[in-house]
Amino acid sequence: MSDEKISVEISELPNLSNPQLICGLPGSGYVGKLAVDYLIDKLQAKQFANIYSSSFPPQVSIREDGTLDLVKNTLYSAKINSQELIFLTGDAQPVSAQGEYALTDEIINLCKKLNVKKIFTLAAYITGKFSKSPKVYGTSTSSDIIKQFSEYDVSTMNRGNITGMNGVIIGIAKRSSIPGICLLGETSGYVIDANASKAVLESLSKILNITIDMSELEQRAKDTEEIIKTLQAQAASKGSQEQIPQFRPSDDKSLGYIS
Amino acid sequence: MSDEKISVEISELPNLSNPQLICGLPGSGYVGKLAVDYLIDKLQAKQFANIYSSSFPPQVSIREDGTLDLVKNTLYSAKINSQELIFLTGDAQPVSAQGEYALTDEIINLCKKLNVKKIFTLAAYITGKFSKSPKVYGTSTSSDIIKQFSEYDVSTMNRGNITGMNGVIIGIAKRSSIPGICLLGETSGYVIDANASKAVLESLSKILNITIDMSELEQRAKDTEEIIKTLQAQAASKGSQEQIPQFRPSDDKSLGYIS
Amino acid sequence: MSDEKISVEISELPNLSNPQLICGLPGSGYVGKLAVDYLIDKLQAKQFANIYSSSFPPQVSIREDGTLDLVKNTLYSAKINSQELIFLTGDAQPVSAQGEYALTDEIINLCKKLNVKKIFTLAAYITGKFSKSPKVYGTSTSSDIIKQFSEYDVSTMNRGNITGMNGVIIGIAKRSSIPGICLLGETSGYVIDANASKAVLESLSKILNITIDMSELEQRAKDTEEIIKTLQAQAASKGSQEQIPQFRPSDDKSLGYIS
Amino acid sequence: MSDEKISVEISELPNLSNPQLICGLPGSGYVGKLAVDYLIDKLQAKQFANIYSSSFPPQVSIREDGTLDLVKNTLYSAKINSQELIFLTGDAQPVSAQGEYALTDEIINLCKKLNVKKIFTLAAYITGKFSKSPKVYGTSTSSDIIKQFSEYDVSTMNRGNITGMNGVIIGIAKRSSIPGICLLGETSGYVIDANASKAVLESLSKILNITIDMSELEQRAKDTEEIIKTLQAQAASKGSQEQIPQFRPSDDKSLGYIS
């Protein structure tokens, strides 16, 4: 047994035959998490499992009603047209390399049980400058998938590394013969970037052949940024370095992608 | 078996039917530890268990009589009026995330064995500025408890994270269906803050419906601060960076709370 | 079972009777990896195993065709004249001390299975200044081997430490009675140093009594340096600190050797 | 099984009835290691065990004859007058808290097997200034032993922590009912301090009621300091930050003691 104590608490396994998994964990610019949270909301996806790990940051998150919950990852399921989708999102990524590998092993085991046929991880492609019309970059375990990228306005990456869960999930998926795709939205890396999330979602929608109403996404992100600016101003006036806005990643791990 | 080797050495289990656990581990401003140490003293609580862990800082603490003891956490029990109380205090918190989760698992297991019905963690709410009449903030796993906060002069938190053992204990307690409450005393974060401890103890006393004589608490803290100032002055004159006053947390882990 | 989850995936064990293992993992100046990658290419060595470890950096590497692969180490085999050779190279070294010991245990176990009679690790000897004709330093578990160093233009080290896999592999090999040799090419430590690799390969060729055409090695390294300079310039103009050229070590671990 | 893989390789258990263990591991000022190495030399103590651990720094040490060995701790035994002594010394201390606890568990298990009746750890008491006649401080698990300190020119500590193996060994020894004593020689912390080692050895000799010729100790340390100064000068001229003199601790862990 490994040192990372991970417990997967499943309320009810969804009844799906060949689902695809879309992962949006907190990371740079919240590009992936914002996108997946939006899909969960728009598709009214149903929560079916929580994952707790001793390599998550040791803390609880306080909700708007004052109650709290241990840091966790959560799985949802939804159907749209003929597509069966599973979503993975959460409060944080593990704090150690071994924690990431161990959590991924659990996720891939669950994927096998659910007969997952393809895995997408949504991530940020950091450029350090602001872009009006962010590009979407992609990489995959399958060269057949890469050949189709141009049909979906996805630019193929041809060097570099993808660090953190977004990379490890598709790397380990490959070893279990589950095709994996990472879509990365171009972003400055400085702010929560709804534009990048929107660009990633547009490419993803084309790949999945589904239609998502994007109208609320940009507005929601603007609201979130306002809240964060206010919080940061308050934090600064209080002199505390520990004021972390609710929507930022809960650990300092940067998720860098390389052009 | 996990990598954290933890041993709980129980001298004699207290004979209690439905106790409540009050946790005051070392952290920012020593708010929680000072409060619980004071309760242990005032209620003449009886030590009944020591907990050792390989994820505590690897060191021994020297006592006033020259003898030494491995860094540990300690459990005490006391009765006041109809209330049965258990106290958790100690020299340090674990140095790693996994160590915190593993230690908390042991504590919650012991709570189940002792039929603990509610858990309080006492913590600091850091503001970066000094306050004459510190407020007490609260969060809980139960919305019923949160509704009663206003009766006890406790302000409900509605965002942020609680890091370290104070958060993990109530987060894991929730998963074992033991209600948890975190009370946080407003403090600058710069000094050992008896005022914050006193404010937290006053709210706790109201919630528990017990009466505690607070007269010695403020004086004790003043004395402690004098000792620390003297020690720090000596350390500075000696040029050593390793002179750590006896009452400060033994690790650098900051326990930040977010408004 | 240890916390490091390591899996050795062998496609087909090579049919060798008494091979020697040559290790060239990424490290300072890429001296060792460049040398072993060159040998693999020139001798058309055949890949026969991949090693994955949860203590490798948690990331995937993107290849030129856009596909990706989990960070791994790889083993190759080749024959030249009467010599049977095995090569170990890879994307990274483990991120923790325990990860290095655990990976080395797996490698030494495989060596025993393959009846490996001698192990070479190729490394960098950092001097901080550029040298036209870099020296080659050596150390060994066997004093008989050290006596022969002068025949091969290898200067014997007589103090210091060798850190990282290059040290641990021969240290643990010694405990399994497999003779080990570390050859270190003098290098500034500032750039990918083909000259140092060439010097190490020349000494190694003499020891193994084989002939390797070195003509492409220096040109290849010059090309690589050009690519890296271009990438670094792009990264600087983009303001990103996470742009890491493809041929640099994927972690920050420095592999220092002491004169 | 814990994550720390430790192997204790015993060549031959010494035939002793009630030995005392003297520990001198590398640390600040090399006070403890210098003292124990000197005793091993003067008493012609016989090596009987090596201890390897995956939480030691991952490196090999090169000896004067060019051969190398994995970082390890070593045990020796000797008899002088009626005293049976065991010595623990080594190249390094573990790099993690858990590594220190796990190694100490192995050492204490061996102590039980060898019927060890008392354990001494020799350490440095850092003051940041140079002292002509360094004092010796002490702490113990036993108040009876502390009462005798004044007879041996040992000043009793009455606050602070002892970090690292010097603390953990006597802390865990106490839990196994083996009395433990830590003797700390006053030292600046800036240099290898033979004077501090000499002071500690003088107090230890009084406690053990043995006589040790100290004449070579100070000269040996002077020689070592000369070597180190030369090495450091060479290192500086080479511009390398990784030049570490052979006699300094092989990791950055500072072993601080608090007055």
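As written, the chains take the letters A, B, C and D, and residue 1 is the first residue of each chain.
As a working rule, a residue touches a chain if its C-beta (ideal position, glycine included) is under 8 Å from a C-beta of that chain, and two chains touch if they have at least 3 such contacts.
Keep in mind it's a predicted model, so treat the numbers as computed, not measured.
Trainee: Touching both chain B and chain D, which chains are there?
Mentor: Intersection of chain B and chain D contact lists gives nothing.
Trainee: With centres defined by CA atoms only, which chain is the most remote from chain B?
Mentor: Checked the centroid distances; the maximum from chain B is C.
Trainee: Once you find the CA centre of chain B and the CA centre of chain C, what distance in Å lies between them?
Mentor: Distance between chain centres, rounded to whole Å: 50 Å.
Trainee: Measure off the straight-line distance from the CA centroid of chain A to the CA centroid of chain B, and report it in whole Å.
Mentor: That pair's centroid distance is 35 Å.
Trainee: Which positions in chain B are in touch with at least two other chains?
Mentor: 1, 3-4 - these are the residues of chain B that touch more than one other chain.
Trainee: Following the definition at the start, I'd like every touching pair of chains, please.
Mentor: A-B, A-C, B-D, C-D
Trainee: Name, in rising order, each residue of chain A that touches chain C in their complex.
Mentor: That would be residues 1-4, 97-98, 100-102, 105, 126-129, 138-143, 146, 149, 156-165, 167-168, 170-172, 174-175, 182, 189, 254, 256-259 of chain A.
Trainee: Quick one: which bits of chain B touch chain D in the complex? Just the residue numbers, please.
Mentor: Residue positions touching the partner: 1, 3-5, 52, 54-71, 95-96, 234, 238-244, 246, 250.
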